[in-house]
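In this document, chain identifiers A, B and C correspond to the written order of the chains, with residue numbering beginning at 1 in each.
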Amino acid sequence: MTPKILHIGIVEVQFGEDVTIVEPVNLYRCTIEDHAFIGPFVEVQANVRIGSRSRIQSHSFICEGVTIGQSCFIGHGVMFVNDTFSTGGPAGDREKWKPTFIGDRVSIGSNATIMPVTICSDVVIGAGAVVTRDIDVPGIYAGNPARFLRAIHS
Amino acid sequence: MTPKILHIGIVEVQFGEDVTIVEPVNLYRCTIEDHAFIGPFVEVQANVRIGSRSRIQSHSFICEGVTIGQSCFIGHGVMFVNDTFSTGGPAGDREKWKPTFIGDRVSIGSNATIMPVTICSDVVIGAGAVVTRDIDVPGIYAGNPARFLRAIHS
Amino acid sequence: MTPKILHIGIVEVQFGEDVTIVEPVNLYRCTIEDHAFIGPFVEVQANVRIGSRSRIQSHSFICEGVTIGQSCFIGHGVMFVNDTFSTGGPAGDREKWKPTFIGDRVSIGSNATIMPVTICSDVVIGAGAVVTRDIDVPGIYAGNPARFLRAIHS
């Protein structure tokens, strides 16, 4: 049999000023604000908003329902999740997908995994961490599951 | 010097009915059954079988020797492994690679890593988990290494 | 608005003899020595050296400042890190990025994350591990954070 073959692309994306993209990428029906950067091998799904000056590095996947604030840095190979398989598998109905809210100046290390949570501003997530709960205190978090490691001494 | 440059593609793949693929992908000498879906930036190697209605999401890598059942959901950035480096490095000889068997209705969270194991039907693997042992009891497993978390209450 | 669209490619790379590359890849201002292999969906940044006979598997990201020895095997989805967000976010100034040195015959499992460290020769890093400290004793290391598991019995 012959499969149906679709292709990645940039479809119905609202771009702010001075956005830079390195293709190949798959971006659709999302909003990418001023001065943002999207690296190669990235997918950003529908109903995502990426704030001004935020950078999405290579190999990352931003799923439907994620809101990322301003001046955030999303490392390489970071995967966001909107379906927790809470009934034993995919929700099926996208009404059951859960949103994620990332504040401003949040830096997420490479290969981190972000379950549907809210992360406040001024947070660092360590590389390889798995964030399973909301974070409402600024600081550095790491591990699987991610735990508070220390305050930020800048 | 000039390197030898090869290109990804779809080579000698046996497709069932109504399969959907989002390019770019690298698929070769594998079998993809009816109604399956393969997202972008995915590689599926030789001697892999992906069962009916199973979905392989973006950025995942399905290595040689993996068998995935029906109605499975493989998240984004999931990596399967067939070489355990048991003698301190790559086995060299593919005769030493180990197979993986995934049952039906298995959902694997994004960024999970699956060593060569057997996973029974009706299992959820949490995002970011590292599965190092066979799983023969249905339920939800998470962590590094992955451990039984709870039964599925659907 | 219209974004600035760049494209991946192979730019100012010094290749040794008999190097094999599977496109699409993004390689720039790095050195790739004799008989090395670079799989698809890989990015290798500037000021990286990949030693003879080393293999970089699909979906991996080798950041600026990484030196990889000879006969290494870098699995799929492996992410190297050069910025530890030590002041609460991206260093901004690349002078503050930290280097990584990988010895010879080092095998790094898929989905592993490598912070800026030195790893001696003859080491195996387990799949999904997060390496946060220097490793100066040969052996097998795994977990998040990675810890010594056992010696290599070859």
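Note that in this section a contact is a pair of C-beta atoms (placed from the backbone, for glycine too) under 8 Å apart; a residue touches a chain by one contact, two chains touch by 3 or more.
Note that this is a predicted model, so its numbers are computed, not measured.
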item	value
Rotation in the CA alignment of chain A with chain C, degrees, nearest 5	120
Homomeric contact chain A-chain B: same or different residue positions, threshold half	different
Distance between the centres, which are taken as Cα means, of chain B and chain A, whole angstrom	23
Chain C: positions in contact with at least two other chains	24, 41, 59, 77, 111, 144
Interfacial residue positions of chain B with respect to chain A in the complex	15-24, 32, 39-41, 55, 58-59, 71, 73, 75-77, 105, 107, 109-111, 122, 124, 126-128, 140, 143-144, 152-154
Residues of chain C touching chain A in the complex	1-8, 24, 26, 41, 43, 59, 61, 63, 77, 79-81, 85, 87-90, 111, 113, 115, 130, 144-145
